[in-house]
Structures are given as structure tokens and as C-alpha cells.
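Alright, structures below, take your time with them.
Next, two complexes with chain A in common: one pairs it with chain B, the other with chain C.
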Partner chain A sequence: MDTEARKKALHYFFDKLVGPLGFKFTPDVELKDFLLEQEVKLEAKHGVPFCPCQPIRNDRARDMKIVCPCIPYHREYFDALKRCWCGLFVHKDVTDPDSLPQLPPKEVGLE
Partner chain B sequence: MSNNFIRAISVGEIAPGGMKAVELDGHEIVICNCGGTFYAIQRRCGHMNAPLEMGTLDGTYVTCGMHCAQFDVITGQALSGPVPADMGNEALPPRVAAMLQNVGMQMQHVRTESICTYETKVEGGWVHVAP
Partner chain C sequence: MKKVSMYTLSTCPWCFKTKKYFADRNIPFNYIDYDLADGATQAKILKELDAAGATGFPFVRIGDEVISGYQPQRFASALKS
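Moving on, here comes the complex of A and B:
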């Protein structure tokens, strides 16, 4: 399986999914490229493009909540951060993803 | 460019986003209408030979209906192998579980290969394919 071709396909499908949720790909092209590549590797290993920054616990119900794009499962938290965990997706109005604070759920009033 | 184009279907036969299987000169082919541009690919999935027109076409990506292997219809490149099925949490009857285990063990060794693509051209309201 060609990694670049798969990255392009994941980009195409993810873009259609996250747009209606109010998110877009990070404008940081290097980070986007790196994260998509990790997802391609995870998909090759597990058959599913898991989030590259979350642990796989071999508990299907929990693991399905970290399949990229996992925005619907963690909507409140991501909306508070204006980005997802790994930063592959940011709110549509974000132009400088580096300026976004990365806070634990407790600090945004979710725990 | 191939000179052996065969008239396959009329342009109106497939709506954008649709696919249709045809047999041309002994070749099983699926013609895909990707937003008004026509592409032709081999009918058989590069994973386990399922008919690709029974899957879905999204942009220029076709997903097989059997195990969800994906291919680019422009290049024929295999983009994804099969997706693991959700068997649920309930225990299966032992015979079924054993059968699925056997199938799963064999499927691990099935490679997903890229598929053939064929040249197409539209002329006089017809899609021609060079098999």
C-alpha cells in the first residue's frame, strides 16, 4: 500500500467529515503530513486509522472513540480547545494553531 | 494511446457518482462517472475478487462492498486493505467462531493488489473504453 496515496485518500474523506462539524485541517502543513502518515501506519497495523496520540486499549467500545476523526465523541472538549487532541483538526476560524492552549479537561470545566 | 476503443455505454447511462459493469472483449470492466469524467477499472476487487460496482464511489475512490478495500479509479492503486468487521461482544456459537477463526486466519494472508485501469474517451455521446 502506497503511503502517500493513502494519505491523500484519508485527507479527502476526513475533509468531508470534519467540515460539517465546524472543523478543518490544521494550517500547519508539516504537522498535518506527519499525523496523517502516523494514521496510515496505524491503519496498516490495525485496519482502522486510530488517533495517533491516544492509547489503543483493545477494548472495542473505547477504541472506537479514538478512530479519526474522533470529534463527535469528544466534541465538548475539542470545542473548548478549538482543536482535537493531536491538532490534526482545528476550528474553522483558527489561523495560528500554535497559539491554542492545550489544557486538560479539568481546566476547561469538563471534569 | 490505444486505438482499440470499443463503444461501451451512452453518457447518460450512469449518473455522476455511479458505476456500471460491462463486458468488453472478454474483459469485465466497471465504468465510473466521477463528476462527469469517466474512468474504467477492472471489475474484480484487488482483494477477494468481489464485483466493485456493488461497492461505493466517492470522488475518485471506490470502496469494495465486501470488505471495504479501497482503490483510486484513476490509477488503480490499492489504498486500503479490508476493514475488520465488528463481531459484537456476544459470544458466537463454537462452530461459527471456529469457522470465522479459520477464515480470518486465511484472510490475513490475502494481499490487496492494485487493479487494472483502462483508457476511456467520450465521443458522440458514448463512452468508449480500450480494454
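Moving on, here comes the complex of A and C:
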């Protein structure tokens, strides 16, 4: 499957998953396109679409928690950020994703 | 001038933005792309991330200050302080 076709497939699949979690794709189209492309490349290399902005640790239990969409594994944290770490998804009420800072857990009062 | 170094990922757009932030200001920096590094270097990076409570990249060190995430305001204040 070519990259564009796989990006479309991931988009369709992810859209179904994140909606019920209260998230949507970022309205930043350029960012969305770039991140999906990276995920297609990561999927081709590793077999699953890992988050492009978190480390693959070669520890299966931990690595499964960064397979996109990883929102269920970091629910409290991403709800506090109103975005996931890489920014592919934002809370449904977000219209200006640039206004959301990328903060580590301890800076939003977690961990 | 404070020494700036960072750990990044070659797949991460926030890491690109972080590098651009310093490059645009002519601030020299060193970086290592975690995903392109060898196993020993990756283990060292993970140890530093975990110690700082960071979960993802970019991971920036400005002098003695560690900043997790793309945080331009924090970069600016760390460079000034």
C-alpha cells in the first residue's frame, strides 16, 4: 500500500476511535499530514504506528502504550493538556491548537 | 552564553521546531536524535528522561535547566536567567 493510501486508512480508523474519547484531529492540517506520514513510516518499520514524538524503548509493555492513538493509556494527562503529546489529537472544543503548551506530566500536576 | 543541548526524534515536528527556535536566533546547540542513536546512547537518554519525569521529545537542556516539550517561552527565560 502506498503512503497516501495508508495515511487515509489511518485517518479513517483513528477518527472512529478518538471521537468517543472526546478528541478530534488537530485543525492544523499541515501538522496532521506530517504526523500521519511519520506514523505510516514507523508502521512500515516496526509493524505498528508508534507516536512520532515518544521514545520506542524496546520494552513491549511500555511501547504498546505509545501506539497511536495512545489517548486511553494517558487519559488523565492528555485531558489536562487538552491534546495528546504529539498534537495529532486535541479536545473537541479546541479551535486554536497553537495555544496549547506541550508540558510534561509534572508540570500539569501529575506523577 | 549558556550551553544548549537537546535530545530529539527525527520523526517529531516539535523537535524540528525546537531546533529551528535556536537556529533562528543563532544560538549554537548540540543534539542527538534518539531514534538514530545506538543502544547504549538510547539507554542513557531514557535514564535522563525518566529522571526528569519527561515522557517524550524534545528534551532540552539550557545550562543546568531541563525543559521537556516545545516551550519557547521557557527557552527564552532559561537563556536570559
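Just so it is clear, the second predicted complex is superposed on the first by the 111 of 111 C-alpha atoms of A that agree within 3 Å, B and C clash if a C-alpha of one lies under 4 Å from a C-alpha of the other, contacts with A are read in each partner's own complex, and residues count from 1 in each chain.
Everything that follows uses one rule, which is that contacts are C-beta pairs under 8 Å (C-beta built on N, C-alpha and C of every residue); 3 or more make two chains touch, one makes a residue touch a chain.
Please read these numbers as outputs of a predicted model, since none were measured by experiment.
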item: Room on chain A for both chain B and chain C (clash or fit); value: fit
item: Which superposed partner A:Asp2 touches (first chain B, second chain C, both, neither); value: first
item: Touched partner set for A:Pro104, first chain B, second chain C, both or neither; value: second
item: In the superposition, chain B vs chain C on chain A residues touched; value: C
item: Touched partner set for A:Arg57, first chain B, second chain C, both or neither; value: second
item: First (chain B), second (chain C), both or neither touched by A:Cys86; value: second
item: Which superposed partner A:Gly47 touches (first chain B, second chain C, both, neither); value: first
item: Partner chain(s) touched by A:Phe13 [first = chain B, second = chain C, both, neither]; value: first
item: Nearest Cα pair across chain B and chain C, whole Å; value: 20
item: Chain C-contacting residues of chain A that also contact chain B; value: none
item: Contacting residues of chain A [partner chain B, same complex]; value: 1-2, 5-6, 9, 12-13, 43-44, 46-48, 60-61
item: Interface residues, chain A side, partner chain C - complex; value: 31, 34-35, 38, 41-42, 51-57, 74, 77, 85-87, 101-107, 111
item: In the complex with chain A, residue positions of chain B that touch it; value: 58-59, 61, 70, 72, 75, 77-84, 86, 89, 112
item: Contact set on chain C toward chain A in their complex; value: 9, 11-15, 34-35, 42, 45-46, 49, 52-57, 68-71
